[in-house]
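Below are the structure tokens for one structure; questions will follow.
Each chain gets a letter, A, B, C and D, in the order it is written, and its residues are counted from 1.
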């Protein structure tokens, strides 16, 4: 986009996490009063059971996507194609499992690889051909969904392969297995960004690409890499979505998920202009969005209207990041945050 | 600007080129003649030898459920059998696309159009055009709201209200009129969703002991059914029955119930509509109690009616496809001969 | 030059301060109709601020501007244009994606009933260009013509209004000789038409070629106003650099001991460039830096110093000549390669090419070192802190903590942190481009001391500065550039004075 | 004319040729494709898309983007439908009201973008979600419109011979197109939009009303979306909160295929028309074929996008070369 964005001022990690945490707390508080069963937890069939668990479970896709999206946005880019990549990975997984009967241990890496490859393709369009991220990924967003439907022939492909099903429905340590997947992905991402120097290069590239290049930082490599990573995250989310219902629904799987992921990242306190990023914040953001949806379910409101409150939340988040807005008025900031 | 030149050139070429050929479809002559060029066309899958070959259009909603794909298959198969050159269009659930499809069927000069309307409203304009073009429209699987019902030749569909009633009555019988019910609605605004809800509510009126404690849309999707059920089972742990507007949602809900450590089929009675293969498997496995069949195999009816309409013979305005109620007991026996 | 010069613009006691900086301190400027007036001064002299005030971009804090006898206070570029002052900025402010004609006429298209009359528009545009003696296809897209032509279009746009005063901010910085000649022809023609032209440039030859009078600014203050004919180059340079010639010639020579030491201390040659050049940036030049030697690049702003540095560091790779490092021929096509050969480059533009503002001091310091190790071999937390704390102490960088975002530091401390960034890399050659620009005296001293110690530790240093005194003090050898050319080299016993003379000597 | 002088028309020509090629191929493959009826349908069926694409062209030329289009269409359609169908208002005031609302919505987005320097991408993303949620909040069900005024308008036709005829909506689309195209060439607002996209800072220094122009562009696009929504209600004789999902992407695709640069400053309303027609041609060719499935449309559009962007990269590359000479 050509419009100027604003970097968050004085943004220590704590400060970045403040708003998402507060909003989430507010929403939870609301549930505390209006849907008493929300916090009800119990052990059923040997694992933890309750609405909170569902939020974690159903939020897993958004959380996974937001991990990749965070890194992409940290470089000042954006990845619109994640939803379609989810569909492709899901379709591929279901096809392989029904046609080839390979073990899931073989299929999963293939699907993730495919997702990664698509992501790298995005990255190359952006670094080698200097396309704007939004348009480069838009192409895959449009064509990718078609590709997924091509794979499945528009059909819903159902399967029963236990290990694949477990990936989306199984339990581990008393929690849905998806939670473990997210935890692992989070740990991996955390290690990749903070355990290696990638995170430093990433933030430097997003913050001042010229300076980073002059320092010999591999800016192009980094950019390509993050899109690839985003692709892998999307593929993982796609497999979960597919396993979750034991069926690949390539026309609907991952629909609008890219927007949820972007929302999660922005709400989480990573600026769309790139630079500093916070993975924890994005996870919080994803949870916030999922909690919102689940709350609507509980209240019996049609989930179709969920987008409206989401929009309010994200615009508020942007305004909070806008220095101009702070200058304009601080009082309003307080009120908006409540929204 | 050179672009104008190019466009002008293109359009003039196109116009002159079209002068002659556009008479082909527009000639409102007996079908036999119009169909001839269509049959002779390179694109047409028809062998030239076939004496009498119709070209018909089928505007399908999409492929959102197993039931839907079964319907598509049935109609495609029937077309094969009757050696009809079928133009299939999948609207991906968008009415805009479906209208576009119908209008270009008209432009193609097909002999008849089969339409599975995605929503009830908003069909007058395009159907009027079909009528002007003297192309009979056969509606399948759900009705539409029009003031002038001469706009379509016939409606071949199950009676959604009746299906809802059947489900309700079966459930009442099964639970002797006592049930705490969670309802999983279809896509908001979709005819089956509205009617199946209506029918079910009428059905349980007679039984004060049966009440719907929650009714939420699962969008006719497995994932929807699962997510909604996961939420509702916690808000209403006391539920004893689930009524889903289609099998896919029911199957999703069953997963959710099992995760909630309830035994679908025993602790919670699950009733749904459609009767797809998956539902029968679930019944055989004792997880689904009852599925009211909503027969998607409309191919035969549809082509019969279309054939009559084309000949100009009178067609019944409304063909109700008989629906049967299947219970677990019949499931195992019925399973092998489910085509979808 | 026309007789009985009448004053067109009188600016008196113009003052302007920005947060933390006094940009203009009671500056006067007088422009006559029908003259070309050069506005000279090194960095931070306040030239651009003065221009922006004249054209209504900034309001002045104090002072009066009289234009054609009337006191004026333009509130916007538009307002200034309506008064008859218009400006052509250095970075051409036109729309490259629109046609030449439109760029000239944008905002004042000829209309009938609100409908733009394109034929008329093109005619007017063509006429505006003819006034500059140019015949162009005005339908052409601006972005598709040379910078020089774009410059002309910008001037045409500026002239199209009923302009009395034309301000040109470094119009020639990106033009070659012929293009300059063409431009000057135009300027003289306009002078003939009675226009006043205020002309900002760094090229002495050009000033002496076209300017009638010169106003010199330094550090936001007026140095003086002179008839070009009566101001020898040497004096002009002295005034610009704030080193009056007499003072210079009397200036204490560096102790010969030191000079001698510097002359000899140079170890084996580390970097040797021969005929190295880049089209449109810097004419081919020879340049060598030995280990344990500080070589100064002298020259006025825009003389090609930075261009040389960028070329050596592989940012704008050379397209002629060859580079030898330790006697082996190498091609430096990117900073990465340069760094791999032991180069470090501390850019003059701290903001856009130096700091990553939102990252911490620590991260900014270790960035280059980490980059050279690649992403996987991450510097451990303790190693990082060792490096960072060492340099914070060694360069006495004043920061609340290593984790403070570097944007919160003062310019001087940012500069030191950037130096630390390159030193942490353990380079063999470090290129310092204006390392003391815009930082306080204390910090300057620190930097100079640092450079000395680096030399003693056997580093090769290429030192760029507009402050000749500093330059001569620090360097053992000075290469002098003028107008993108190497014009000479001074070794052993030299002082600012000789450097200035070398800069001053006209084109042979 | 030299290449540099005319290079920005090349994508336009390419698009025109692509359209001609597509249409010719389809005509050869499918009997009856090359008919006035089909051509007329291209305009009738894509009126809503076309109108919003025209609005989007201005936004993209100004260097911005607007993702809220599809949702605004849906919201407008359902609001209009309920007001007319359920509350029995007369269509004319309802239409006026919906257009006004669309305009205000767009202006609001524009203000957020301009005043607080928020990324257009995000603001309009929010707008997209907001309007969609709103639409479903009004009513989740599609609502039919039965009103003599609607019947009258729907009956209007400009006959083209045969059974071919252009309905009022198609004519409206063409009118919008002509006005927008003319405005983009012949008014200072139109040119300021180009200048804004070509370089906002330069435009500011040239004394052009940058802020006002940017806000106005989003306002206009909001208006265009609302108009598209109204057209949709005439097209379907109903309103539907689920309508126009993904419309914004189709519109953007049409604009880019039409030769606009997403970086702003370059583009043509005329090109957008071609883009829309290409879109429609592919779609109806798929229906004519009757064997290929709808997802081929998405794949084809994706490839076309890639193709045209690469073409533009190549051209700007040539321009750079031309300058260097």
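In the analysis below, a contact is a pair of C-beta atoms (placed from the backbone, for glycine too) under 8 Å apart; a residue touches a chain by one contact, two chains touch by 3 or more.
These figures come from a predicted structure and were not determined experimentally.
Engineer: Enumerate, in label order, the chains that touch chain A and chain B alike.
Structural biologist: Where chain A and chain B share a partner, that partner set is D.
Engineer: Does A-C or A-D have more contacting C-beta pairs?
Structural biologist: A-D
Engineer: Need the most distant chain from chain C, centre defined as the mean of C-alpha atoms.
Structural biologist: Using the mean of the C-alpha atoms as each chain's centre, the farthest one from chain C is B.
Engineer: Quick one: chain A and chain C, Cα centre-to-centre, how many Å?
Structural biologist: Roughly 46 Å, centre to centre.
Engineer: Just how far, in Å, is the C-alpha centre of chain D from the one of chain A?
Structural biologist: The mean C-alpha positions of chain A and chain D differ by 30 Å.
Engineer: Can you give the whole-Å distance between the Cα centres of chain C and chain D?
Structural biologist: 47
Engineer: Where the centres are mean C-alpha positions, what is the separation of chain B from chain D, in Å?
Structural biologist: 31
Engineer: Give the residues of chain C touching no fewer than two other chains, as numbers and ranges.
Structural biologist: Not one residue in chain C touches at least two other chains.
Engineer: Any chance you could list the residues of chain D touching two or more other chains?
Structural biologist: Residue numbers touching two or more other chains: 136, 140, 197, 241, 293-295.
Engineer: By the touch rule stated above, which residues of chain A touch at least two different other chains?
Structural biologist: Residues 154, 302, 304 of chain A each touch two or more of the other chains.
Engineer: Spell out all pairs of chains that touch, sorted by label.
Structural biologist: Result for touching pairs of chains: A-B, A-C, A-D, B-D, C-D.
Engineer: Within the complex, which stretch of chain B touches chain A?
Structural biologist: Contacts found on chain B: 62-66, 69, 90, 92-93, 188, 214-217, 221-223, 226-228, 230-232, 234-235, 237, 252, 255, 259-261, 278.
Engineer: Under the touch definition given earlier, write down the residues of chain D that touch chain A in their complex.
Structural biologist: Touch list, chain D to chain A: 63-65, 112-113, 115-123, 125-130, 132-134, 136-137, 140, 197, 200, 241, 249, 252-253, 256, 262-264, 293-299, 301-303, 305-306, 309-310, 313.
Engineer: Any idea which chain C residues touch chain A in the complex?
Structural biologist: Residues of chain C touching chain A: 313, 315, 335-336, 339-340, 345, 347, 352-359, 363, 366-368, 370-379, 405, 421.
Engineer: Would you mind writing out the residues of chain D in touch with chain C in their complex?
Structural biologist: My answer: residues 1-2, 4-5, 7-8, 185-188, 191-192, 194-195, 197-199, 201-203, 205-208, 261, 265-266, 319, 322-323.
Engineer: Inside the complex, what are the residues of chain D that reach chain B?
Structural biologist: Those in contact with chain B are residues 6, 9, 12-13, 16-17, 19-20, 23, 27-39, 41, 44-45, 48, 136, 139-144, 146, 154, 162-164, 232, 234-238, 240-245, 268, 270-271, 274, 283-284, 286-291, 293-295.
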